[in-house]
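Below are two complexes that have subunit A in common, paired first with subunit B and then with subunit C.
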Partner chain A sequence: MTRKRIVATVAHRVAILAYVLFALFPLFWVLKISVTPNDLLYSEGVRLWPSRTVFDHFDFVIRHSDFPLFFRNSMIVSLSTAVIVTILSSLGGYAMSRFSFRGKFWIVGLMLLTQMFPLVMLIAPIFKILSPLGLTNSLSGLILVYVAFNVPFATFLMQSFFDGIPKDLEEAAMIDGATRFTAFRQIILPLTLPGMAATLGFVFTAAWSELLFALMLISGVDASTFPVGLLSFVSKFSVDFGQMMAAGVLALIPACLFFFFIQRYLVQGLTAGAVKG
Partner chain B sequence: MASIDITDVRKAYGAVKILHGVDLTIQDGEFVVLVGPSGCGKSTLLRMIAGLEDISAGEIKIGGKRVNELDPKDRDIAMVFQSYALYPHMTVAGNMSYSLRLRKTAKEKIAAAISGAAEKLSLTPLMERRPKALSGGQRQRVAMGRAIVRKPKAFLFDEPLSNLDARLREHMRGEIKKLHQDLGATSIYVTHDQIEAMTLADRIVAMNAGVVQQVGSPLDLYDRPANLFVAGFMGSPAMNMFEGTYRATDGAPRIELGQGISVPLAGPAPTAEGTKVTLGIRPEHVLVGRELPGGFEARIDLVEPTGFGTILHASAFGSDVKAFSLERGLAERGDTVHVAFPVERIHVFDTATGARIG
Partner chain C sequence: MTEAVNAAPYGRDRRPFLRRLASASEPYLYSAPALILIVTVMLVPLVIGISYAFRDMTLLDPFSGGFIGLDHFRALAKDKTFWQALKNTVYWTGYSVALQFCFGLILALLLDKPFRGRGLAQALCFLPWAVPSFLSGLNWAMLFNPIVGPIPHWLYGLGLMSAPDNLLSSPDHAMWGPIIANVWWGIPFFAITLLAALQSIPRDLYEAAAIDGATPFQRFRSITLPFLAPTIAITVMLRTVWIANFADLIVVMTNGGPADRTQIVASYIFTQAFRRLDFGYASAIAMVLLALLLVYSMLIVLLRQTLLRER
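Now for the complex of A and B:
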């Protein structure tokens, strides 16, 4: 290796390291505050790690706050949204990828249109629609809204995965004796699993961290999701940083676990086009 | 096994017409090759037989039964795709048994069927591999194995050898022919490669622009092409074609090629004096020599040795004449030689209609 190349490699690694540190630092800070006792919070404000660590905040959050309820609500909302959206967008994406039908152009156009407006604009009308249906202040209402907003993008995402699978495969299956749906289920779906995992993960995290609709459509504690719940640690006179961060750390766990389980598919999915089958 | 009857089958996508009425009967056990340039409609016709494309008009019968409205799965045919279309997430055994599993065939029967097919195609040691771990030729054989395990009424092949290199293609061509001789299955094979068509077919269907140009045995098409398209398409190096004028008034039918050269014909052609005609002669039938009776002078422009023989390009009467000879060292570039067209080897076509007239 020449000197120049060594320098370039080192510079490259340093740049990556700097970026990773920059990206992960907030997470580290959340973790650090969550284990810092309240009396050290300000006195050791800028130390990288407190001189004494405690788990009191976690204890409080789990045993004495409404956080477990928020957590449960968030799980229900995010998982339901992710599963429903993935199923709908798989079916929709397959249709977009394989069939030409009347009105396809307009349907695609409408789906794009829904992505154009800032969500804030839509909150009032959506509230107006959901309210008489009794869907405000309920998890089902929230799921409905999340599904509606995530389906268009997820459909385009799934369509691109289906486009990557040769038509010949399902034609071969159909000649082998499968109906179109059997071919879809037994041949195409297994090959699209990485794509579905990517969609599932994408929608799950989007729903998990959604604040705007959750805040506007839900007013009671019973149906609050965790991002809304986090705000309850902010009171009129103070912010309970320790508990808030402890709740944040706990909220990170499902997202991390989720990605841990699907990452194998995710990497496959993101590189699927690069490998010739 | 079954016969296939195609009656006035048409295909149109909106205003664009792909097939203009195809009539064809394929006998039980026959190997028919559909051949033609890209976009001639041969693959579309095959896919219509398979049920992968709707039939715009006309009727297709398999084994005497109308299949126009049947789904592919109910037509009891097998197809080998150009891309092989192997299921990537299944092993070789899984690929081959898929059709039988869909039909809920008993396990022992499936095992017997796939091991039989695997043996026939020498796939036995590869049964647990996935398509990813196979070479092109092996994938091709798995695709064939998948087709033969369930003993369908007919086999359809859609350019199955196009993705293989030349040597492997030749080898697989032999295997397909052998397999057909073993199984005696009704087969329709689509290709744009006229060598594949010649070597495999019991009968060739030459197609161009959505119209069947000629149906016949390979040698029929080669020796007596029905029109200019077939004459030009079949054979490599391609047939020489020279435009000229038909003359027969003085009782000696001949074609005037210009520059004072005229070529005598064996007999009168059914056309009027002065008609523009095209004279066709295959390169291997063109005689080349130092002195030839009835020959005319030509200058050698290019010599292409193929090892097997030599292709000579000569210019005479303002045209390029190709000759193919098994002899080596017949002439060098720049030589002046004689070329002659033996009268019994000459094809005559009406230039305007393209039809064979002699």
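Now for the complex of A and C:
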């Protein structure tokens, strides 16, 4: 190896390390605050790690606060949204990928439009529509809204996964007498499982983080999701940083688990889509 | 093959009528559930929302709902906060997109080279993207807080600040708080899409160029950039619209303050609807934002077409 190449390699590794540190440092700080005892919080504000660690904040959040309830609500909402969206967008994405039909142009246009306009615009009208139906302050109302918001993008994503699977496969099955739906279910769906996993994870993360509609549509503690619960913490008179960050760590766990599970597929799936498109 | 069957003249298609109907309606059946939801939960409220802009609409007043014409828009023209928010939106969107894109591109280029531990490095670098936006808002608000966060002390130590104060409460620089949080959170999105595009470039092109004696910079300019250009154009455009609408970080970190210096149009809409419950005024602001974004998208499409024609 020449000297120039060694320098280039070292620079490359240093740059990667800088990115990793930048990405992880804020999360590290959340963890640090969540294990710092209250009496050391201010006196050791700038230290990288407190001289004594405790799990009191976690203990309080799990046993004496409403966060387990918020966690359960968020889990119900995000999982249901992710499963429903994945099913609907698999069907829709398959239609977009395999058929050319009258009105397809307008349907694609409509879905693109939904990606363009400010969703905050819908906050007031959706509240007005859902309120007489009894769907405000309820988890099912939230699920309904989240499913609709996530379906367009998920459909495009699924379409790109279907585009990567040769058409001959289901055509062969249909020549052998299977209906298209059977061919879709038994041959194509198993092949797109990685794509469906990616969609599932993507939508889960989106629903898990949604804040503004949850704030507007939910007012009671019973149906509060995690973001709403955490923000009500901030608006209290004195903020208990330790408890807040302990709750934050809890909110982070499912999102990160889902992310590590899908992140391999993300680049792959988008590569397949990019090659096709 | 499907297209051939569907397009066959009716005389030659000997399948029974019901079968034919079933196969003709198949694509609609597959896409119907998604479509019905999009229309009822997004399109209908959108139309209703547009009608609110011309009505006197506050949630707590049962006598509201009357048609008031352009009154909201007249009030809007005189609303100083709105004009400030418009300026802030441009600032917020411009810096966020530019920085996310630059750092995202560099990260994608770094991760495109094979090295030991690449999988892990990639997963860790992309991790901020999985962090819920409200949490990254709280997280960065805490880092900027001089009581529990290190950043003010570091800036003070470097001599960039005269005292370790909270950046978020400084009227002149508060906007940088949400922008930095947004950049941290959004780099992975650009890195993921650009990395995907990078990996679809055929490797033999680089080898051929290297044999011909092209320098790394020449290779980047004449192979990488042209291949990435379409992805860059689409992602930057979509991201710009998305970030202009993205109010979460601002609502969480500063709530528009101090003195509306970090209020962007999207967060102003939310404030009007959520805190003041003035749905009519909120919808009027939203319509202006929608119109501006439409103009922006049209300009981009036009620009793209002229560029393509010149080629």
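Basically, the second predicted complex is superposed on the first by the 255 of 277 C-alpha atoms of A that agree within 3 Å, B and C clash if a C-alpha of one lies under 4 Å from a C-alpha of the other, contacts with A are read in each partner's own complex, and residues count from 1 in each chain.
Assume a contact is a pair of C-beta atoms (placed from the backbone, for glycine too) under 8 Å apart; a residue touches a chain by one contact, two chains touch by 3 or more.
On a predicted model such as this, the values are computed, not experimentally measured, just so you know.
Novice: So, A:S232: does it touch subunit B (first), subunit C (second), both, or neither?
Specialist: neither
Novice: For the three-chain arrangement built by superposition, which of subunit B and subunit C touches the greater number of subunit A residues?
Specialist: Partner touching more subunit A residues in the overlay: C.
Novice: Who does A:L88 touch here: subunit B (first), subunit C (second), both, or neither?
Specialist: In the superposition, A:L88 contacts subunit C only.
Novice: One more residue to check, A:S160. First (subunit B), second (subunit C), both or neither?
Specialist: neither
Novice: Does subunit B (first) or subunit C (second) touch A:E171, or do both, or does neither?
Specialist: Both partners.
Novice: In the superposed arrangement, does A:S140 touch subunit B (first), subunit C (second), both or neither?
Specialist: After superposing on A, A:S140 lies clear of both subunit B and subunit C.
Novice: Tell me which partner A:V30 touches in the superposition: subunit B (first), subunit C (second), both or neither.
Specialist: Once the two structures are laid over each other on A, A:V30 reaches subunit C alone.
Novice: Is A:T182 touching the first partner subunit B, the second partner subunit C, both, or neither of them?
Specialist: first
Novice: After the superposition on A, what does A:P190 contact: first (subunit B), second (subunit C), both or neither?
Specialist: First partner only, subunit B.
Novice: Residue overlap on subunit A between the subunit B contact set and the subunit C contact set?
Specialist: 171
Novice: What does subunit B use to touch subunit A in their complex?
Specialist: It comes out as residues 50-52, 71-73, 75, 77-79, 81-83, 85, 87-89, 98-99, 102-103, 131-132, 146, 150.
Novice: Please give the residue numbers of subunit C that touch subunit A in the complex, ascending.
Specialist: Going through subunit C, the ones touching subunit A are 1-3, 6, 23, 26-28, 30-31, 33-35, 37-38, 40-46, 48-49, 52, 57, 59, 106-107, 110-111, 113, 115, 119, 121-136, 138-140, 142-143, 146-150, 153, 184, 187-188, 192-193, 195-197, 199-200, 231, 238, 241, 244-245, 247-248, 251-252, 266, 269-270, 273-274, 279, 282-283, 286-287, 289-290, 293-294, 297.
Novice: Give the list of subunit A residues in touch with subunit C in this complex.
Specialist: That would be residues 12-13, 15-16, 19-20, 22-24, 26-27, 29-30, 33, 41-42, 45-46, 88-89, 91-92, 94-96, 98-101, 103-104, 107, 110-111, 114-129, 144-145, 147-149, 151-152, 155, 167, 171, 180, 205, 208-209, 211-212, 215-216, 226-227, 230-231, 234, 241, 244-245, 248, 251-252, 255-256, 258-260, 263-264, 266-267, 270-271, 273-275 of subunit A.
Novice: Within their complex, state which residues of subunit A touch subunit B.
Specialist: That would be residues 166, 168-169, 171-179, 182, 187, 190-191, 277 of subunit A.
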